[in-house]
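For clarity, chains are labelled A, B, C and D in written order, and residue numbers in each chain start from 1.
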């Protein structure tokens, strides 16, 4: 799939149970292939996804994050994704102000019928993150005191 | 009462009587009309189908000058001009368009101007005040004809009931007239074709006149120079399309009110019509 | 330390073909807290499940992870297996090795490693899992049906026939709704009243149905299985227990010129009235707005004529409270009046009617006893024009949707006209003919071919009156946009079906959502057409969107079955995936500070205010509490809570945090 | 000021309130005064130097006790009080709010409605410092911003003075004290510090009234108030909220619009 010396980004996907998780299931049942870099964490609804989790992911060495749920108006809980959307707008604003690389968080709507969209989303995101390279900028600083070896330039 | 005034081309040409009657009426009602300096054509009726930028810039210039002149409110008797100015104001709420137009004009444009037609001016003046000045009650059965440009598109002009306008009718009642309930109030007179397809004009205007006279109208009351000239000047052609000729005059609301207020026929330009006004 | 059992499934070849399942089992087996890890060809098979059950007992497992297909597929299976082995089912989780791994990746090192990660993730989650008990909510087996039209009638009868009690409330003095106003019904042309009135009577006599006419819902509190409905019984001014319904009072009432609602304003009624002859209950009410006595304090003629002294002048509105377990909304629809159409004369032309008015003209019980006559002069119209889509499918009018029933009833109207007025000419202006339905298209064809109704495809620009005729100016788009002008004697507008007045307020009382046109919103456009987003409240008929009688009846029965299903258990059992607000020992009681941002965020109004009182009964604090009956477990509140005081079972902060960390910490 | 003192004294004497929270002269700048008897009322002052946000005290039960109390509030404090009211932390029965308007007149608010009406006439403006700093930050590239903040964050030693100074940080248990899971590492380090401040910013969305108390309180002078302020400035209008004018129901994050921005969603 990829030659060994190439950088393999570590990506976590936070998805809702009703649309995107089911969509990813469909990707499987339709045997569509995508990169192994992405691992899915299942939530009841995008409204449940805590912004701190995204933050922690980077601190713990993720190079990218996918957040995906139901399209507007399709939310199993009617408005969870609308709440989430707002939260993300705000979250992006803070992160950007703090200088965090928000290109590393890919938001998306993937419905239970969009198996192929999920595959594309994963592959595109992996490609994007690979292009951006490892998120050392963040991890270096994160390593300071969290783990040994503080690097001055951070 | 002091108010800006944009006569527009027709009122200085084919429809001088409209201009005269507006001015004369304003004098009697002690409304001071401040004509916009160095005004230009509003671009009706052709510009807006040929070239958007031009069709916006022409009216914009007029309004820009008016703003420069420190006017806040401008009365536009010609329905076509009124329509173009209002439409332009609406279109120029779009920033991109406004910036472009301002570049073209090389002068500031706020879009703060209040554009009103003659009917709105008279309504603002107050029907009671008009009633108070009536000396020769206008005791006639008439059909008020609004045409297309005065009330459409309603979403932008926001003037009167679009399918069944009432403002002119109520003014007629104020001066003691009897305004008919008829069907062709807002039908098209064919103005757009007044030069190119006179046959169509004759047909369309014919329908209007016929319905009015069938219902016993002694005159048609209008507030648009296009409609007036079509219904009046083209009468010969119109009558050819009808079983029997119709000779009811087509007079401006300002003339009608003027008559009721005892303004002379000459001042009101009543002698300029093709179909004699004998009321 | 936890003792977790891990079971990796080959799914035949489906997983093992690309994932080295043995290695997965091996490596996971080495994980801290994993007591037992095996792989097997078919975990979901009986032997497979037996492995799990035995392991649970043998190793005394306190958690199980099955690495197999999607949990959406087999989670229930394996949880059941664990339960049978005596392990709390909510301590069993699934790692999705098939849909999310083996099927979407080639056979490779990475694939196997991903599989391992996925299982690890769930192992970490299971470590944080808590045993959960499914939630049981008691059910009050009594239903409230709002609206006594055909939808409400059908729903009430169906529920009542399952042996459950029903409370049916109707705003008007009689049940029957719009259907009772119709003349004949498409596509069979059988008389509406003939098929409806028996049902109305059945409702009145059914031992399980308690009928409140002239009544409206005041408020609804509670949640699925446990609603409290406050109902306003409007004062009828007539004592129904003594009234015999003889009708003498109606004969004598001096106020006779009130436009009759039942006849859509074409006929008149008296101030004390029964809306129509077949009304149920067939007893009068006094319309206090128009009654001389209530207006001027004098008259009381009805009281003098009443043999049994049933008139109650000083009767007040009464508020009663009923406990119900489910609610069926069947409030129906309304039609736009002709005055909505300036181009058709703002309703000022007497002979421009709405479809509903035409129904009354065509109805044998109508003001003209079924003869088609002009309201203006009583003449029989020689030429009639029907305008379909009057308002409907017209964004400019604010009604972009199709009212669905008009195509059919317009065809019916034209047909009825042709049958009743021989030699009459009828024209229908239409946009498209939408005759989807059993025998519908055939019906329209019949109107066109056998009854020679003239169908013109095009819109009508305006209608105006000229020497006693209605001039209809339209266009025929099939004749290249040629203008058509018809001198008609009568014009019938198939005016748009719109939400019933007050539906918005009602929706707010019930906390059900509604669409931009104030029709009530179903929970899912395809799969939950009769449910609302509020558990325990169901929809029947045209209150959800315009629909015809067969559809309405079908939907009503659907709603009834949902209610019956709900009532089939004494308790509601629900997945314990709900939010909970933490509780601590005094003096903290809870870390919740009661800012109630969760309340504003919750889509289900599941957040309640809980008052914490001291021994002396003084209020110490007010904190949030989740109503388990209402909470659907989306967890939006959890992500909102600043102090992390609210958490959601099955997806707790600890669990998801552990999952994420497991993927990264290495 | 004289009127204020008299009124405060009167309120205390007639027992209308048990406590008046206000300002008195301090060594360098005015400091809060907790006035429980009319003698002390004489110490009360109220002028442009009194910007310390007193709202932080009104939610401290141990301080204000059970009886009704009063607070003399400049604009910033009034805004915070409104927000606290929206969040069900205050009741009109228990709190009497006093202020001195621009004309030097003593104003007494009985209802929160009155306060919001009063506050509405003052719009939020950036001070010189904020203007300067923010233009600087807004001018930076992302990398520069990252370096800038990491530099600042490396000074933070998690004293949580920002938290104690903020009237809206009234939680009895703060997320940083939550240890199951340990969302934010308790020790100071640039990332965990940033996590804390991002977390603060997120918790303040649609709530922050930009009083600047957090910034003032920071002993090592990290301009953290700018984070919440910038958030407020950027988001409040987009979400249809007026900065400093709390919405009656919910807040920017607990509500939503169908047409909220989503170009960033793929």
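In this section, contacts are C-beta pairs under 8 Å (C-beta built on N, C-alpha and C of every residue); 3 or more make two chains touch, one makes a residue touch a chain.
In this text, all values refer to a predicted model and were calculated from it rather than measured experimentally.
Minimum number of contact steps separating subunit A from subunit D: 1.
When the C-beta pairs in contact are tallied for C-D and for B-C, the bigger tally goes to C-D. Core chain by CA centroid proximity to the global CA centroid: C.
Measuring from the averaged C-alpha position of subunit C to that of subunit D gives a distance of 45 Å. Subunit B and subunit C have Cα centroids separated by 53 Å. Mean C-alpha position of subunit A lies 63 Å from that of subunit B. Subunit B and subunit D have CA centres that are 60 Å apart. Each of residues 51, 56, 79, 83, 87 in subunit A touches at least two other chains. Shared contact sites, meaning residues of subunit B that touch two or more other chains, are absent.
Under the contact definition stated at the top, the residues of subunit C that touch 2 or more other chains are 601, 640, 653, 657.
Touching chain pairs in this entry, ordered by label, are A-C, A-D, B-C, C-D.
Residue ranges of subunit D in contact with subunit A, taken from their complex: 137, 140, 142-150, 175, 183-185, 187-192, 194-195, 197-199, 201-202, 205, 227, 230-231, 234-235, 238-239, 252-256, 258, 260-262, 264-266.
Across the complex, subunit D is touched by residues 51-52, 55-56, 59, 72, 79, 82-83, 85-101, 106-109, 121, 124, 137-138, 141-142, 144-146, 154 of subunit A. Contact residues on subunit C toward subunit B in their complex (touch as defined above): 342-343, 345-346, 462, 464-467, 471.
Chain contact summary for the complex, subunit C toward subunit D: residues 588, 591, 593-598, 600-601, 622, 640, 642-645, 653-654, 657-658.
Across the interface of their complex, subunit C is touched by residues 87-89, 170-175, 178, 180-181, 183, 203, 249-251, 253-255 of subunit D.
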